Amino acid sequence: MSVLVDADTRVIVQGITGGEGTFHAKGMIEYGTNVVAGAVPGNGGQEVAGVPVYDTVHEAVRREDADASVVFVPPALAADALFEALDTSLDLVVAVTEGIPTQDMAKVTRRLSETETHLVGPNCPGVITPDEAKLGILPGDIFSSGPVGLVSRSGTLTYQVVDNLSNRGVGQTTAIGIGGDPIIGTSFIDALELFEADEETEAVAMCGEIGGEDEEQAAKYIASEMDTPVAAFIAGRTAPPGKRMGHAGAIVSGSGTGTAKSKIDALNNAGVPVGDTPEEIADHIEDVL
Amino acid sequence: MSVLVDADTRVIVQGITGGEGTFHAKGMIEYGTNVVAGAVPGNGGQEVAGVPVYDTVHEAVRREDADASVVFVPPALAADALFEALDTSLDLVVAVTEGIPTQDMAKVTRRLSETETHLVGPNCPGVITPDEAKLGILPGDIFSSGPVGLVSRSGTLTYQVVDNLSNRGVGQTTAIGIGGDPIIGTSFIDALELFEADEETEAVAMCGEIGGEDEEQAAKYIASEMDTPVAAFIAGRTAPPGKRMGHAGAIVSGSGTGTAKSKIDALNNAGVPVGDTPEEIADHIEDVL
Amino acid sequence: MKLHEYQAKAVFSDAGIPTPDSRLATTVDEAVAAGNDIGYPVVVKAQVHVGGRGKAGGIEVTTDEAELHEAADSILGMDLKGYHVDRVLVEAAVDFVDELYLGVTMDRNEGDPVAMVSSEGGVDIETVAEETPAAIAREGVDPAFGIHPYQARKAVYDAGIGGDVARDVSSVLATLYDLWVDSDASEAEINPLMLTEEGDVAAADAVMNIDDDALFRQPDLAEMEEASYTDDLERKAGEYGFDYVRLSGNVGIIGNGAGLVMATLDLVDHYGGAPANFLDIGGGAKAERVANALDMVFADENVDSVLFNIFGGITRGDEVARGINEALSQFDELPIPVVVRLAGTNADEGMELLTTELVHVERTLENAVQRAVDNAEGKA
Amino acid sequence: MKLHEYQAKAVFSDAGIPTPDSRLATTVDEAVAAGNDIGYPVVVKAQVHVGGRGKAGGIEVTTDEAELHEAADSILGMDLKGYHVDRVLVEAAVDFVDELYLGVTMDRNEGDPVAMVSSEGGVDIETVAEETPAAIAREGVDPAFGIHPYQARKAVYDAGIGGDVARDVSSVLATLYDLWVDSDASEAEINPLMLTEEGDVAAADAVMNIDDDALFRQPDLAEMEEASYTDDLERKAGEYGFDYVRLSGNVGIIGNGAGLVMATLDLVDHYGGAPANFLDIGGGAKAERVANALDMVFADENVDSVLFNIFGGITRGDEVARGINEALSQFDELPIPVVVRLAGTNADEGMELLTTELVHVERTLENAVQRAVDNAEGKA
């Protein structure tokens, strides 16, 4: 078992005719992902990376019976592409695109909340179930199959942690890069819920970073709802307060949250060991397995 | 028992300081309705018809523990008043206002669909549970308490049918004037569902008219879901096609629906007797009681 | 409120939808000047609120000045389904390879807007809708978000319109939707949207109807309103602010509330009579309004009998009675018999007030209708 | 992207929000002319992207020409928290009876916009938020519908602002929200919104920050962008398009991906070193970008040791290695030691390409960081 994706997931690629879209569609197919179509308006009838391209997501989904989509559409057009994907009732939409305007994403997630679709991202590396399927841009060869679920806000930091795990022979059920944007589809809690419900996931590695309160909220969820053990890493312990957001943002986010300390404290209070280094999170995971 | 309103319903009046609002607030109170407050921006602190006025619906609801609202706000401001009412999670909102722009109502009902609130109207005479409470502008003295639920798209036609029933000694559980606008909150089916679930309602009188497909859809619902007997009246048998809507409207509504014949046929097929005159619907109701 | 074709085209053009070059003309000379200015061939189109103008002779294609002169001369001043033609639109005739239909309206059953596209444009689209509904692609729009670009594209592709033109057509559809919203339209249509050999698009006809209830916030569009009636009675109803439809019978009917008035018409028919009109004086009608309504019905020379049916809710019976008395005070004897039936709020007070030497009072709807039908038959 | 106060006020004023009369001045003479034109008293305000300008001496109230001359002379040219002041706004000093706070931003936790009102304006609103959060009324907005008028009113009444002014303040709040949406702002604030004795309102300060990711569709606002850096290194980072923050240590750090770079900083600290900077070269970094990054770190005279940490996903190790070789090709010997750690896509190919005479290669993150810290300590 795994979460979100497996070898049977039928995947379409929105924006497959673009440079990134083509490159990573090929990469996904090489990894073994069941990519069944692309969708790009005005490009229907073409074939890219060996799969047919349709003008609309609806047609691609209908004709190829797809259940997931990976979005490489440029930021100016990405929100529209996400609305289009949400309108087809896919199980999973992975938005790789970086730089989508925040207000666009607020509208997308407003709509998302009325659907049953899982949206991962945007600005995320994607989702991978090792040896079965990857949806996104993750470097497949560092992943290995095993009992650990992984969820992370950061791309390359995820790779670092996965590398540490795989090098010790600790494989992953599924790894979910949720993305670091202010507004994202799948939160830590959403991902933790999926892993908690997954029988094969015996432990969860969670990589957070400073900013927002998602980790603090996840800590509460872990304490009250989870049996599966969790170990964490939080990046940004030594980051200076740095260039602050304006007042309004600071008022809303409230004081005393969003720092590495508040996140680490919240997780420790929830019984979650937090590694000081990327190696230590792997230590903690090995401890609980 | 009754549906939507009873003697315990705590009612606020939006637009209570206006001429119509004051007049009908008094009328409702005289009927025995538990009117607890008014809400009019900029008029907080006043007292009208013996009840306190608040600046916001939220404050009125919070302070007076209200669970229903009647809206007499002028059409240009009515949609905002309805959104405000929906935002307070009231059980019932009755919109008496006539002439609300259709696109405003499309937005209101879009939001309504995400709430648990019953919206009756707009452009409707209101809801009355005889001898307990009336919310709206219905002439209370023609109603009498009894076993018949009544739902109608028309105001004065409702009064005619009620008069016929009351004169025969056939009283009503609750009468709901759903209003005749193209977009309304409570449809025939919504009202029929309420009556079907109400133990005291032994029969339902339903007054429709030409236009739309609400009666046709209600007929399907009655055939498949209702045990309570229903009798109907449809106004507009002799109305000429008259001034047609433009093409687009005609395309959407489709051919063969919306006429008195299509409605009467649909109801008859659902086993619903349809009176030729307002007296005949009373005959049919007496037959099934 | 309906916009004329030339008004709708101006609105569409301002929003960036391509329309053919055109001029409005009120005289044959103006029409000829317009044609010479635009260059032939040109189409001459009557500007009246009537469907099927083409079949009725209100639209003609002309290829030179002489033809244009003749066409303008015949169309200007003509009577088109009861409407007088006092203006024509002279417009460049577009050379097209295909004709599409685009429309936006409110889907009353869904309670949501809907955008529509068909490749079967240029013909009676209602017939297409009935005979081959699949030929019209429909895309429901969430009024909270408005139309998403993908929805306009999807409707166009679903209608079987592909290739390079798909982008332009979706763009026109999205613009049409935005116009529909911004203008508080009930309907906005382009039929046909012409496709030229060069791959351009042009709106060769334009329909735009505005929600009357929203005119208060559409001052620019409200200014375009032009009252057009086929007869004096409709004009009078417009001035008085009544919902009025003239019918072919001889029983004049006045009532309050559309449902009750329709039911009264139905009852007249049921008892063997024929209604002369539908006239709803609305809720809370005061004495003056009642008098105006009687004035209207008396002015209809087809009417042989009047039935006045009021069920009081907001409307009070005593007010109505005063209005009736006031309207009838000028008469010693009525030109035609009037039956009054009052019920509901203050009905008894009203009936006491009525001058029963002039009107006949009935307490039940059925009796009132029967009496009015009898009266009409006695006179007929 | 941050707008200056004078820019934000122009945007607010265009949208109908009342602002005090003001002029921008770049010289003392211009400032004096502005003051004489507006009439005294006037406020002189430094136009720099710095919070707490008042406390730092960047804002002064003047009551006559002499005072204005002195104030403008002292503020123009001053260094405010590292930023050079080359412009001041000269503005009519409003006589107020009350100061409010209005703000609109994205509530990241809810994923929805939020409109805020407080009667405790004119002071550090963050302190108010911490000490008396109830003093700030918050109204979450559904981004699909935008702010409803009732929501603006509710926030104002909830903030305890009643009476006649409530209508004007709600209207300003609704306008501020609409501006926030139309401008793709991340934040829009008025602090204070002054209430005058006459019951008028005026935005005495204005904050407007625009979402950088949305600048592509905000060409008018994008044109207002003025690069402002406290030093040459930040300017360089801006030109190269790097996410860069200068810190106080001596270990220069280059990496890809914010999380990994932050984790690298943390590890440097963990092993007893001190990072000199945060530098994220982003995903898919090509050779030239890598060379630019090295150029930047070498240009920082505080740097005694460089750590290059790349985990390849989109970024390919061989590309990175070529960039490093290219950047180092000008040196026979490096000015400061460089440790490189490559992992992920094409890491092995990359490591083979590296000129190991110049750089030290490590395979694990921990070893690389320890080596870089050792290098820094050896030099310190």
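Letters A, B, C and D name the chains as they come in the text, with residue numbers starting at 1 for each one.
Just so it is clear, contacts are C-beta pairs under 8 Å (C-beta built on N, C-alpha and C of every residue); 3 or more make two chains touch, one makes a residue touch a chain.
Bear in mind the structure is a predicted one, so any value in this text is a computation, not a measurement.
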{"item": "Any chain in contact with subunit B as well as subunit C", "value": "D"}
{"item": "Longest centre-to-centre distance from subunit A, chain (CA-based)", "value": "C"}
{"item": "A-C or A-D - the one linked by more C-beta pairs in contact", "value": "A-D"}
{"item": "Centre distance in Å when subunit A and subunit B are each reduced to the mean of their C-alpha atoms", "value": "48"}
{"item": "Chain centre separation (subunit A, subunit D; CA means) in Å", "value": "27"}
{"item": "CA centroid of subunit B to CA centroid of subunit D, Å", "value": "55"}
{"item": "Contacts with two or more other chains, residues of subunit A listed in rising order", "value": "107, 111"}
{"item": "Per-residue multi-chain contacts in subunit C, two or more chains", "value": "142, 144-145"}
{"item": "Chain-level touch network, classified as line, ring, star, complete or other", "value": "other"}
{"item": "Touching pairs - complete list by chain label", "value": "A-C, A-D, B-C, B-D, C-D"}
{"item": "Touch list for subunit D against partner subunit C, complex", "value": "142, 144-145"}
{"item": "Subunit A-touching residues of subunit D, taken from the complex the two chains share", "value": "2, 51, 103-109, 111-114, 116, 125-126, 129-130, 133, 136, 138, 142-144, 181, 184, 186-189, 191, 207, 209, 211, 213-214, 216-217, 245, 247, 255-260, 262-263, 265-270, 275, 278, 283, 311-314, 343-345, 365-366"}
{"item": "Residue ranges of subunit D in contact with subunit B within the complex", "value": "145, 148-151, 153-154, 157-158, 162, 164, 166-167"}
{"item": "Subunit A to subunit D touching residues, read off their complex", "value": "75-76, 98-107, 109-111, 125, 137-139, 142, 152-160, 163, 180, 182-183, 207, 209-210, 212-213, 217, 233, 235-240, 242-255, 276-279"}
{"item": "Footprint of subunit C on subunit A - complex, ascending", "value": "41-42, 44, 55-59, 77, 80-81, 83-84, 87, 107, 111"}
